[in-house]
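We call the chains A, B and C, going by the order they appear; numbering starts again at 1 in every chain.
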Amino acid sequence: MSTDIIYSFAGLALFFFGLFALIACSQPLKKILAVNVMSTGIFLFLVVTSYGSGRGIVDPVPQAMVLTGIVVSISTTSLALILACRIQETSNLSQFLNAGNLKSEERSGR
Amino acid sequence: MVFADPSWIVWPVAGPLVAGLLCFLIHRGSFLISLAALVLNCLAVIVLFRQFLLSGPALYNIGDWQPPLGISLVTGGPALIMLSMTAVTGLGITIYARGYFSFRIDSSTRARRHERQERFFWPLWMILLAGLNGLFLTDDIFNLYVTLELIGVSAAALAALSGKPPSQIASFRYLLVSLLGSFSYLLGVAFLYKTYAVLDLSLLTDLASAEPGVRAALALMSVGLLLKTALFPFHFWLPSAHANALAPVSAILSGLVVKGSFFLMFRLWFDVFASVIPASAYNLIGVLGAMAILWGSMQALRQQRLKLLVAYSTVSQLGYLFIAFPLAFLNGGHQAWSAVIFMAIGHACAKTAMFMATGTIFLHAGHDRINDLAGIRAYLPMSVFAYVIAGVNLMGLPPSGGFIAKWMMLTDSLAAMQWWWALVLVTGSLLAAAYVFRVVSQFFIIPSGQPTGKHRTSTGLLEWPSFILAVCSLFLGLIAPYPLQVLKINQVLTTAFYMRGGP
Amino acid sequence: MNWEDWLIVAILLSSFLPGVVIFTLAEESSRLRTSLNILGALMKMALVLVMNIAIYLGLMFELRLPLLPGVEIFLNADPLSALFATLSSVLWFLTTIYAVGYLENSPNRSHFFGYFSLCVTVTIGIAMAGNLVTFLLFYEMLTLATYPLIIHRGTTEALEAGRKYLIYAFGGGAAFLFGVIWLHTLVGLGDFSPAGFSPVMLARHHLQLKMIFLLLIAGVGVKAAIVPLHGWLPQAMIAPAPVSALLHAVAVVKAGAFGVIRIVLDVYGIKNALRLGMLPWLTLFSSITIIWGSIRALQQDDLKRRLAFSTVSQVSYITLGISLAEQPLAAAGGLVHLVHQGLMKITLFFCAGNLAETLGIHKISEMDGVGRRMPFTMAAFTIGALGMIGIPPTAGFVSKWYLCLGGLNAGNWWVIAVLASSSLLNAAYFLPILTKAWFKEQTLSWPMEKKFGSFETHWMLLVPPLVTAVIVIAAGIAVNAHISPLAWVKFIMKEYGLS
């Protein structure tokens, strides 16, 4: 019972750490990592729910959900990584970090 | 009887999914494969409509696996209307995309770029379509998460397709926002599962109660969905992502993708948890919607680039979808409920048409700086016409679908004497008129000097789809009774359906 | 549906279909385009004639298309719609002939004639609208259909004029929409009927109904160019002459005035409107508009601008008559002026267009001796101008006479004063033009003269103003004939119990 709660809170904490990092960090790689931390937090939280309170049996549904979630997470991470690499190749990083620059690029047309 | 077979419901999802895989493997026939999938999709939607009208909502377990581990698909009135919206606009976009990618500009590098873009466009678009249709048909909150991710990933990849730095940066940001949104939603799902140990939306409808866990879950899910739907102030990612993408992609993103997450939001708030959500929350959403209308329109007025203008107009039009929330709460729901669906389908047709027309103009002029587009009407009369007609829908002038939606919302707000909503609605329409005609007047300028005919290379594939979709959005208002009837049937039948003990 | 109901659809399609086809035509196929146009116009006239006869015989036409619960599109033809529809279809026919001649060899004609046809379709829709929603539908579409015509020349001034037009028209449209929906939630939107809504409602929602009246009248007042909502009209003069003729005599301004008539007579009903106490205000604003328009017209040197301000002034005769509607004579004067003003003003605009097209004359100061160069055009112009002043036996005299009688009966002496001073002002801004044209010697050479064979100008430009001028005289002389506008107006009045 109490381990349940500890794990749940640990999951939530991970989620919010990730959220904070996603907003606070500006580097693409760190952002991708932050998203991964968030997803791990959610998976932890989900997996804990399969130990239903006092029922004694393990509910398979959350585990199936977590498995699916991990697959989804891998593919999204790889897409994000590819995009980040592309951005680094074609434009310099400062452009990404500097929102003002992005705006001027948008305004120029073409 | 073939058409009575319940397994038709699988095709809107399976068809595009298979087509997507095939497109990925076979480059040559991509367009034909996609077209076939789209036609199959339209057929399936028609059959589903027929089944719905004859026998009401239907449930189908794929492979006969029971939920929660199996996947079940459900039809309902709103879902069918959204499905047909996707089928029609999707068909238009597919044909337009063919014209777009086969449009050859003199420079060979650009031609090669088009070829490369086309190769990735078809599989991604098909998978996106499968995700959207899945989202409309699924009744299981976790499967909804999967479809959300499917949509988000393929949409972000599509947005990066143009290969230019601004679009890649915008797409990266779009992907992150979309991930944040779906994770927030997923955490909400986890909370719900923790509370009820149930994933089925119809079961949740019966169980819903105002517990803290449910409230937290709803807040998380709503924030996530609002992020994806780009309601003010979460719209920050939308203009750059939509405006920097290729034209067919912009049309998909603005016309369809935002409607997916919106539809889910709509179901949660109007259907499943309607009894749990307090009035203040509806009002808050309404206020945000009002601010989106005003802010989006103001920004659209200020833009120098046509595609950005259209993208900001999406921000403002999405506000209309949300301003209906408090109105529905006021008057018991049905009218504003229908208004939202109407607004969504009208906007889907109009905005796709508008982005497609904009794309045609972009291809011909080589840029989309509004001030340099003078006199484009002489070369592309049909696209300009499509742009104007789509604009009529955005302004909410009769007889467009937008007009019917606004009419319903205005009656609701004035009947409840909450005239401030009406004021926002009318102001929004006037601002829309301002930003639409700001561009149109440029198109109609007749530049001094001889008109040149050198741009006359446009193909019918580029102009007709946008024109036809625009005309659809214009006359949507005249066929209003039919969708309304479907929504009404839905209410009656669904009630009866659950009275019988559910699926 | 039986044949009578199809008639309404046929009348709408007779200009809509040619319009759609014309959009797709290539610029060069001018013969096909012209024949389509003329064919459509002739068919429309014939159909409207059939409809008029049928209405006179007491047949009813209606066409309903449900939209939402309690809201439907409803087209019907009552005597009042027939009046407007007849005016529009006849003048459209003449304007089409004129426009074909006027725009010969100019660019973008397919666009022009396409929108031209749409414009008339929409106007007929306004005429036949049987409830406020339908009226709103066509009223908004009219704005959209006329905008491309106003900016047809594609110059910066034209765009500026178009921008101003849109701001006024959409602003008015928004007020109108707000009013319509408010009325809908308060008393529901019934069909137009002389009785209006139930008096019980009037007592219950007195203040709200007053505000709705204000919103609705402001909405249509924009197109009717009631001061202070008239700013767009003089600027819209930048458009080609046939468009000006259309705006002033057939479509836009008339649609506004027609809207005022519908709101007072059919939405509120005369009795309710009187009890509401808003009609004196309408009288006041109409009077101000009449005087102000005339004064401004006096100051203009540009011929078309002078005519435009004259329209501002003259259209308010209609609203003035309606605002005194408890006096049948005044109402008759207002209604009949709807037709008479159209006939006279279209003559004047045709003539102004002829002067500009043939001799390059745009300013009144350039008109010395023009009567000798273009006697037929100036003869038509003279008839139109005398009609505007209200000199018998022109049509203008008839409307003014009835308005004055109505004012007298109502005991409103100041209405007589307004009408008298307006007539004086009309004379002050039209008579100098006439003396210049007929009695002065030509001093300067014409700015830009074109030769057109044996006639003074292209025959397609000459025939329409002559025809309308003849009708102006005929309507003035044969007042009591069975088919005169006045006779039809009396028929309408019977419908409203005002005889």
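Everything that follows uses one rule, which is that contacts are C-beta pairs under 8 Å (C-beta built on N, C-alpha and C of every residue); 3 or more make two chains touch, one makes a residue touch a chain.
What you see is a predicted model; the values in this text were computed from it and never measured.
Ranked by how close its mean Cα position lies to the mean of all protein Cα atoms, the top chain is B.
The interface with the greater number of C-beta contacts, when B-C is set against A-B, is A-B.
As a whole-number value, the distance joining the C-alpha centres of chain A and chain C reads 66 Å. The distance from the centre of chain B to the centre of chain C, each centre being the mean of the chain's C-alpha atoms, comes to 43 Å. Work out the mean CA point of chain A and of chain B, and you get 25 Å between them. With touch defined as above, chain C holds no residue shared between interfaces to two or more other chains. Shown for chain A are the residues in touch with two or more other chains, of which there are none.
Chain C meets chain B in the complex at residues 65-68, 71, 73, 107-108, 111, 133, 136-137, 140-141, 144, 147-148, 151, 153-156, 159, 162-163, 166, 170-171, 173-174, 177-178, 181-182, 184-185. Chain contact summary for the complex, chain B toward chain C: residues 375, 378, 381, 388, 392, 395, 397-399, 404, 407-408, 410-411, 414-415, 422, 426, 429-430, 433, 437, 441, 444-446, 451, 477-478, 480-481, 484.
Across the interface of their complex, chain A is touched by residues 68-69, 142, 145-146, 149, 152-153, 156-157, 160, 163-166, 168-172, 175-176, 179-180, 183, 186-187, 189-190, 193-194, 197, 199, 240, 243-244, 304-305, 308, 366-369 of chain B.
Of all residues in chain A, those touching chain B in their complex are 15, 19, 22, 28, 31, 35, 38-39, 42, 45-46, 49, 52, 59-62, 64-65, 68-69, 72, 75-76, 79-80, 83-84, 86-87, 90-91, 95-96, 102, 105-107, 109-110.
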